[in-house]
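Shown below is the structure under consideration.
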Amino acid sequence: MADKMKSTATVDSQVMLSDGIYSMWLKFPKEQDVASKAVPGQFISMYCKEGSRLLPRPISICEINKEESMLRVVYRIAGQGTKEFSTMQAGDTIEIVGPLGNGFALKEGKNVLIGGGIGIPPMLALAKALKKDVTVVLGYRDSNLFLKEEFEPYAKVVIATDDGSVGTKGNVIDAIREEELEADTLYACGPMPMLRGVKAYAEEKDILAQVSLEEKMACGIGACLGCVCQSKEKDSHSHVNNKRVCKDGPVFDAREIIL
Amino acid sequence: MADKMKSTATVDSQVMLSDGIYSMWLKFPKEQDVASKAVPGQFISMYCKEGSRLLPRPISICEINKEESMLRVVYRIAGQGTKEFSTMQAGDTIEIVGPLGNGFALKEGKNVLIGGGIGIPPMLALAKALKKDVTVVLGYRDSNLFLKEEFEPYAKVVIATDDGSVGTKGNVIDAIREEELEADTLYACGPMPMLRGVKAYAEEKDILAQVSLEEKMACGIGACLGCVCQSKEKDSHSHVNNKRVCKDGPVFDAREIIL
Amino acid sequence: MNLSVDFAGVEMKNPVTTASGTFGSGAEFAEFVDLNELGAVTTKGVANVPWEGNPTPRVCETYGGMLNAIGLQNPGIDVFAKRDIPFLKQYDTKIIVNVCGRTTKDYVEVVERLSQEDVDLLEINISCPNVKAGGIAFGQDPKQVEKITSEIKAKAKQPVIMKLSPNVTDITVMAKAAQEGGADAISLINTLTGMKIDINRRAFALANKTGGMSGPAVKPVAVRMVYQAAHAVTIPVLGMGGIATAEDALEFIMAGATMVSIGTANFHNPTATVDVIRGMEAFMQKNGVKDIKELIGCVE
Amino acid sequence: MNLSVDFAGVEMKNPVTTASGTFGSGAEFAEFVDLNELGAVTTKGVANVPWEGNPTPRVCETYGGMLNAIGLQNPGIDVFAKRDIPFLKQYDTKIIVNVCGRTTKDYVEVVERLSQEDVDLLEINISCPNVKAGGIAFGQDPKQVEKITSEIKAKAKQPVIMKLSPNVTDITVMAKAAQEGGADAISLINTLTGMKIDINRRAFALANKTGGMSGPAVKPVAVRMVYQAAHAVTIPVLGMGGIATAEDALEFIMAGATMVSIGTANFHNPTATVDVIRGMEAFMQKNGVKDIKELIGCVE
């Protein structure tokens, strides 16, 4: 009872990876266990200092360093909140709640990880955790790649770009087909059209797909019902066809949800 | 037309003078002329960074350094805004508008300056500007004096404390009577009861008293009519018995206003 | 130091509860705060049958506040009674069940069903701006307020709090209508109807177009209405709207509220409820206030 | 790129004016901004005779906004006509004179007096929450809104904008009443009635107890009401309430406002008016919008 709390993390380092995309390592007080509890696919709620911005910003966990009690997040400047984060420097503090949500279920067999745009970061923690038989398909808009090299020690890396400047010209599914990748399980995070493509591909191939969803959140912990997605079955919590992205997700078995 | 602006000042230094009382030197871009236009008795509007606090905090000018384009303010932590200012460090920036208001009229003859509590700071700039025949009477609550020594090069300094721990036990008027100070002009800033005492004393002795008033402000520049005080005559701007503290003051001839 | 209050005949260990819809039925927040510390837990609105709620996006941020258009998604009274009441009964805190409906019949059905349950108070939401039928429609017409109140009172076994909408010309009229109808207490404010447009997408930020505004931004409107309502009726007032700190809570109490609810603040500070209680204690200590009741309505 | 709009028959170089009471008659802000850049200047409410206004404190800060209870202090129409109109005539900007009164007779007297003056529009404040008689009392009853509008219209030489109160149950009823009465346009929102208590002094923050809330905090309520009103009437809407940036202004325009006013923002940024105009230009440039009129009411 009452074992979770808002934690004050210290920015250990922050760098810009690409235009408007930042990577930040957060260090937590040892006793708070934030990093040691985290699993790939979970997220943290990051809070702004500016008092006119009250709601949490959900950001996926990109890397987990349990020994050092650190978490890494990689985010894109999307508005004022992420802009505020981007001005932070080593030594600054930030309030967070987390880790939140359920994370990916790690499967045996051939794992194909699919990240589109700012959906790429959580795939890094996942690639590291899955360890073997990992292929990662990364979809970018253009040749402004980020994180790509960091995947290389852990996975075979396949690239798709919208403009064809690197890898397959087209989307991640185009790349999977082009490379004739075989998969037992797909793990995906990215924009909705991509997730729809992944779900359809998994159905076509009759394989498991775990997809990580995004929705606007208020509480981030399952209490407000702000962040629901439509589920196929009546959900055991809500007893209607709704699941909470923050609490029941953000990772769902693609068969269970309507995209 | 359109020659005034919000200026971005840089904190040159900040120190705590006494419990909860801070002294800050602000440096302005040379081209903005903020310091060179300032006169004793004027104030600046200081703005918070925190977006939930929108209104300016009016703070009197305590010292003016025209050569270095610097102004000094001395303020007490009264609420969240002044608390925010107190956390600022050399190199931080702050937005201000000013100098604002009218300032004291410098008179010949025997000048007695009266500062009570956080009304003391503006008297320092005034003492320096008046140069000769200056006596300053400073009223404090207790022996936590601040700024006292800084007056000594420019003025004869008389102290009153509520608890009698330093100087006259009592208020500034008690001290003036006890020290039998002679004055041609009184200049006063401090809490309302003190200003009432100063006004009454000036009437009794039939001398001029210039008093600096405080009122809650919204615009700080005379447009909103938020900060009025009652005037004896119909004021030429408002055509009712109201004067704007921010624009027509903060310094008034005590005979013109009702305290 | 005594923080306990009598609210509509129910003794509360302190005057702090949660605002309906921001705290679920307490399960999620129980991981952050000890529910035993709260005067009461007020649950998310529950109807006679499950409600799907509105499409997403259901929430968005505004300057110093937020909009929501959840649309009263809820699992229905049966699941609620089976799952949420037993959960809350584990704790030493009072239970205020918030009830919603589309028709008077819906409300009465839930209230009757709850008469068999061991809960302490009923809060009737006649002020939700986010559902088409029912909700706010009742709360903006004094005749309807009085009528639905008396119909509910006829069946209710627990004291009834009528939750009023701030989207009205004169809150005192609505407060009096609730009292006339026999309400044991009133609570206010529910959310102010608002809208946000995303100028880059040229679209509404919420799927529902409008939503209910809450959070610190609305506090001055809420304090004003609590003050006006508390001076218009003799039944106790549960005040809410933008409370994030003990100072905020005390403002409502001094304006005339006997109890206060913490809502949106839970989202930016999951321990807001207990932080407010501790802050109230600290204020009382510092100012030599022996009993919180001394402060209720002390600013006239 | 065209920012000009036709507002109730008056051609404005851009859709930006000032909110009455936040900009005086322009003299003080002329030191910060070039008034020639503004579509129009809207002046502080003026009555038939000088008004003293309320005791101080008249203003206080709230979370993301402020309360004011100035009480419509003004020097009366004679001084205004002699001093303020000639001052504004020096500039290439339109003049909107805001009019207040205690009785219909007061309003009509000012309107008749202004018929001889070279001003462009009249804005009639029937929504000030800070005066005992007149003001808001007119603005909360549709019959009164219609009646006072038609009596003013009978005497007015300039187009008439009726300024509506947000402290009503249904803004569309008031908007329609103004249109029925013959109004050429409506403006909204005036301030939301609010209250702040200083818990340490156990006293109201304002001498008037209640005040009008304005600033960014109220924006969602204002956008909602502008959207609702713009869809309820065919006359143009002047939108305001919490506009501080070009993005805010565009939100109102997309919701259906033909013009916007900048109010409280002037207090935290004295160049807010021209900053908003420049920001609108930048947005149009970036998004290939040739004419601001394309954006009016574009979000349905």
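Letters are used for the chains, namely A, B, C and D, taken in the order the chains are written, and counting of residues starts over at 1 for each.
In the analysis below, a contact is a pair of C-beta atoms (placed from the backbone, for glycine too) under 8 Å apart; a residue touches a chain by one contact, two chains touch by 3 or more.
Since we're looking at a predicted model, the values are computed, not measured.
Graph distance from chain A to chain C, where chains that touch are one step apart, equals 1. Centroid analysis (C-alpha atoms only) places B farthest from chain C.
If you average the Cα atoms of chain C and of chain D, the two centres end up 34 Å apart. One simple way to say how far apart two chains are is to compare their mean CA positions; for chain B and chain C this gives 46 Å. Centre to centre, using the average C-alpha position, chain A and chain B are separated by 55 Å.
Multi-chain contact residues of chain B, defined as those touching 2 or more other chains: 51-53. Chain contacts: chain C has residues 63-65, 216 touching two or more partner chains. Of all residues in chain A, only 50-53 touch chain B in the complex they form. Interface residues of chain C facing chain A in the complex, by the touch rule stated above, are 21-24, 28-35, 44, 50-53, 56-61, 63-66, 68, 70, 73, 75-76, 79, 215-216, 264, 266-271. If you check the complex, the residues on chain B that touch chain D are 1-6, 47, 51-56, 97, 215-229, 237-242, 247.
Per the touch definition, chain D reaches chain C in the complex via residues 62-65, 67, 140, 167-170, 192-197, 199, 202-204, 210-211, 213, 216-221, 223-224, 227, 242, 247, 250-251, 254-255, 283, 298-299.
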